[in-house]
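When the chains are written out, they are named A, B, C, D, E, F, G and H in that same order, and each has its own residue count from 1.
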Amino acid sequence: MELTVYLAGQIHDNWREQVVQKAKERNLPLKFVAPQTDHERSDNIGEDILGKQPNNLFKDDAASSINNFRTQVLMQKADVVIALFGEKYKQWNTAMDASTALALGKPTIIVRPESLIHPLKELSNKANVTVETIDQAIDVLAYIYE
Amino acid sequence: MELTVYLAGQIHDNWREQVVQKAKERNLPLKFVAPQTDHERSDNIGEDILGKQPNNLFKDDAASSINNFRTQVLMQKADVVIALFGEKYKQWNTAMDASTALALGKPTIIVRPESLIHPLKELSNKANVTVETIDQAIDVLAYIYE
Amino acid sequence: MELTVYLAGQIHDNWREQVVQKAKERNLPLKFVAPQTDHERSDNIGEDILGKQPNNLFKDDAASSINNFRTQVLMQKADVVIALFGEKYKQWNTAMDASTALALGKPTIIVRPESLIHPLKELSNKANVTVETIDQAIDVLAYIYE
Amino acid sequence: MELTVYLAGQIHDNWREQVVQKAKERNLPLKFVAPQTDHERSDNIGEDILGKQPNNLFKDDAASSINNFRTQVLMQKADVVIALFGEKYKQWNTAMDASTALALGKPTIIVRPESLIHPLKELSNKANVTVETIDQAIDVLAYIYE
Amino acid sequence: MELTVYLAGQIHDNWREQVVQKAKERNLPLKFVAPQTDHERSDNIGEDILGKQPNNLFKDDAASSINNFRTQVLMQKADVVIALFGEKYKQWNTAMDASTALALGKPTIIVRPESLIHPLKELSNKANVTVETIDQAIDVLAYIYE
Amino acid sequence: MELTVYLAGQIHDNWREQVVQKAKERNLPLKFVAPQTDHERSDNIGEDILGKQPNNLFKDDAASSINNFRTQVLMQKADVVIALFGEKYKQWNTAMDASTALALGKPTIIVRPESLIHPLKELSNKANVTVETIDQAIDVLAYIYE
Amino acid sequence: MELTVYLAGQIHDNWREQVVQKAKERNLPLKFVAPQTDHERSDNIGEDILGKQPNNLFKDDAASSINNFRTQVLMQKADVVIALFGEKYKQWNTAMDASTALALGKPTIIVRPESLIHPLKELSNKANVTVETIDQAIDVLAYIYE
Amino acid sequence: MELTVYLAGQIHDNWREQVVQKAKERNLPLKFVAPQTDHERSDNIGEDILGKQPNNLFKDDAASSINNFRTQVLMQKADVVIALFGEKYKQWNTAMDASTALALGKPTIIVRPESLIHPLKELSNKANVTVETIDQAIDVLAYIYE
């Protein structure tokens, strides 16, 4: 039984590649989808497609409409969502994606460092499982196939 | 037609009182509900009811289970959600409440300062309306009754 | 049993007042809600609240976000939707409101002149009832109370 | 990941063939579905199957019941909806299909010329993305696969 | 706690008056709603409002669109549905109303004579409770208040 | 695009075989599912599996629980429902299946002889399309693929 | 803001009266609903209304259809569910009611003694809040009004 | 038509292997999924992945969060649920899984010994079919393919 996993979260390091690599090493029949991880492309996609916008507010809104479109398409295809929070940045997209996934009944794993226990406590309590490392998240996915 | 408004967002200043006061001044038939705004009580509610927990992780989880219970009860009663983001703090609860409200089809207004345009762009794009001040949010509510 | 009726449709004449007046004359326990019917206010509400926008596209988008917010709040309160199409204008808002109401399971009456039979045929087929005059629409509402 | 795209909109020119051709040129794994695009067949399908109807109203209603049946089947299979508005015609079917898609949570792109910004502003605000050309719509679809 | 009860079923005798009377005698806080029970009015309502139709098929379709509108409005207000089947007639409306109520999650009681056990067996199995007399149906409603 | 069609309706003649045969002749990519069409087996399935029941009421209820289970499994897999009414029998199962399909948003075709126009008028009005012959129903399905 | 609370759980002691009394002492604006708590009446309600059944299996099934009807009506009216597990009995009704409430999105509190931590761990993990005493459950309800 | 069957219930004997074996012998195109059936692994999975927890309460909660995650993923993939109750143990997980499946509209078969008729009567009444043996459950599944 192949499952599709949406990888929500920061796009500032290569954590998604690690997830994909580790799942491959363990031969898990998982397919991964994700938001645009090229940060510059993600920020510019509105103007790249729609042309120059009047100012940064509208540039951002144009980009986010297309990023949200992409996320909605891919999350609807996902059986499981993993949302990773890092120590930096606001990461409200990650919180938005995890909350939306939970409201839609998508089984959701949150990965967050110990330092974020307090600010993430309500979201973490709502999620199915909260772990601290990518390896633990993979362990949870692997458990489905035991 | 009386409407119930859930006021999601930070609990570090008196913005909710301002909303209530301004709505009253304009004679809008609105009823407001909100999360626990006594920060200490909100953080301690788990141990206050369930007793001492083993460590901060479990103290936080106990508190958040009761805070989430409260939010779920009140948001289900709400016709409209206002989510205010301030310049400080992670505010993932606010992002979670706004995203959940949107996923449930609750008409939602986001209030955020200009400085947060970029990090909030995807959530802002999903919301019905995004404004910068409490007065503008009240203007939007008042518009329903024109 | 009081029912709330959302009156979708053009805002260029006083048809809503006729509906309200006729319902009153027949003592029907109906409460009516509607979009902003002051055309200028409806077009300017975005700039009225959010301030000057860069150009007409963004002025329109700002206004429509607030108009859509209003419609969503009021339509969720409605038990029945009446959507009136006149002979002029594009009236895509009316088509949008009627289609949304039908997709949400709201019982919906379409009022349209004979001249619009052909272009409205698919929407008319989807609606619960299609009539040609306001009096007929009131007759249908009155029938609930017989 | 193959996606199915429903192409709502006018049936008076060959825009759908352009979409299909451009998607093919860019090797996008997309499958397209659409309403009946033979205008005469679409108008006559009720009488073609059910026989002569008493007058044009009933001819139109018979046709639209079968066209709506077809649309409902195909839109339920679609992952994404593109709704194109041209400068002529009422196009209420297009507004109906786009609104229904949005109410059902289907990610939706609207394509409309600059001249229609004002009359389409509320529907455009509700859609995920609004663009002006078919190439831009294809760009948005292609972005899912980057 | 007042409950609203929709009384689906044949309109050829006075069974609804019996239900209302018996509920009143037992002081049950129930409000009853029902389809049009004047058979002739129910059959003619389409032509009464929309005018003469081309033939009986279209007369029936016009009437049924308005009857279905009424039923949809009232059933959405109902907390409970009672569907009574008599020994005569096709009563497909009754089967339709009971099935729709069950699909919508409305708690539903079927009243049917012993002679209809076999033809109604699948619908009866789906209903919450099946009884043979109006008194038994009232007993079930009264049990809610014990 | 292969579609699955649930064939609801009477099990007293070979109409389903005709549907399957005609679809095959026209090379339509349709897969058909249906209730148990061996009437005796359908009536006895409760006792066949669960053993002798106390009387006919309980024999019927046991059978119908298993027939309803089968229908629910197969209808959830169906993209389209065809419900055929014949001139004889109560056929409340058919009315139940068609109504349930419509309440679940399944595109539904009703096939009924002219003699049943009046008693089926409300259900027919709710269905997407109503036709009089199997050939017409196949025509409607074929139209999806034009 | 008055809330309705469904009290699921064992009917072998007076715990519901304690809940009602304590809520009253604290002036909480709560309305309580519950299953039939007269154990004998609950077991006999099927035969009381429908008459003598062939054996205990059918007596039980008749009773449970009416008990389930009552529960469905009242739980749909409830804003919150409290499910109490005692140390004795199977209490599968309680587990069923709590699970149904959670699947329907009703905010749910589980009350269970320490001795049941292990067997109730999955249900407890799914519930919003789990406590050990009635006083704690009331504390959670009271927290909504702080 | 291949169907996926979720096998809820006790993990203390080899009943799932019997189901799989019997389905294979009868060439039924069924795929089976289930909870973790290694009891020790199921109880320890929380600590196995997340590390030592403060006490048994938290060990159990950690395990159950991961078990619930697994169940949610697999049940969403299931077309049918079989829930088997044995004579020993509390089996609240089984009651929770069966109730959740029913609330989600999954066709559900309960298998229980005669001795459990009374305590399971309400859940049994809600299920589609209740049988006493694994062979009978397989008979019901096989009936879908007749």
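The definition used in the following text is that a residue touches a chain if its C-beta (ideal position, glycine included) is under 8 Å from a C-beta of that chain, and two chains touch if they have at least 3 such contacts.
Note that the structure is predicted; figures quoted are calculated from it, not measured.
J.: In how few steps can one go from chain B to chain F if every step must land on a touching chain?
T.: Contact-graph shortest path, chain B to chain F, evaluates to 2.
J.: Going by C-alpha centroids, which chain is farthest from chain D? Tell me that one.
T.: G
J.: More C-beta contacts across D-E or across B-C?
T.: Result of the comparison of D-E and B-C: B-C.
J.: Would you mind pulling out the distance in Å between where the CA atoms of chain B average out and where those of chain E do?
T.: 44
J.: Chain B to chain D: how many Å between their CA centres?
T.: Their C-alpha centroids are separated by 38 Å.
J.: In chain D, what residues contact two or more other chains?
T.: Residues 65, 68 of chain D each touch two or more of the other chains.
J.: Which part of chain D faces chain E closely enough to touch in the complex?
T.: Those residues of chain D that touch chain E are 54-55, 58.
J.: For the complex, give me every residue of chain D touching chain C.
T.: Touch residues, chain D against chain C: 56-57, 60-61, 63-65, 67-68, 71, 89-93, 95-100, 102-104, 116-126.
J.: So in the complex, which bits of chain H are touching chain F?
T.: Residues 1, 3, 79-80, 105, 107, 109, 128-129, 131, 136, 139-140, 143-144, 146 of chain H touch chain F in their complex.
J.: Hey, which residues of chain H end up touching chain A in the complex?
T.: 4, 31, 33, 36, 38, 41, 45, 48-50, 65-66, 68-70, 72-74, 76-77
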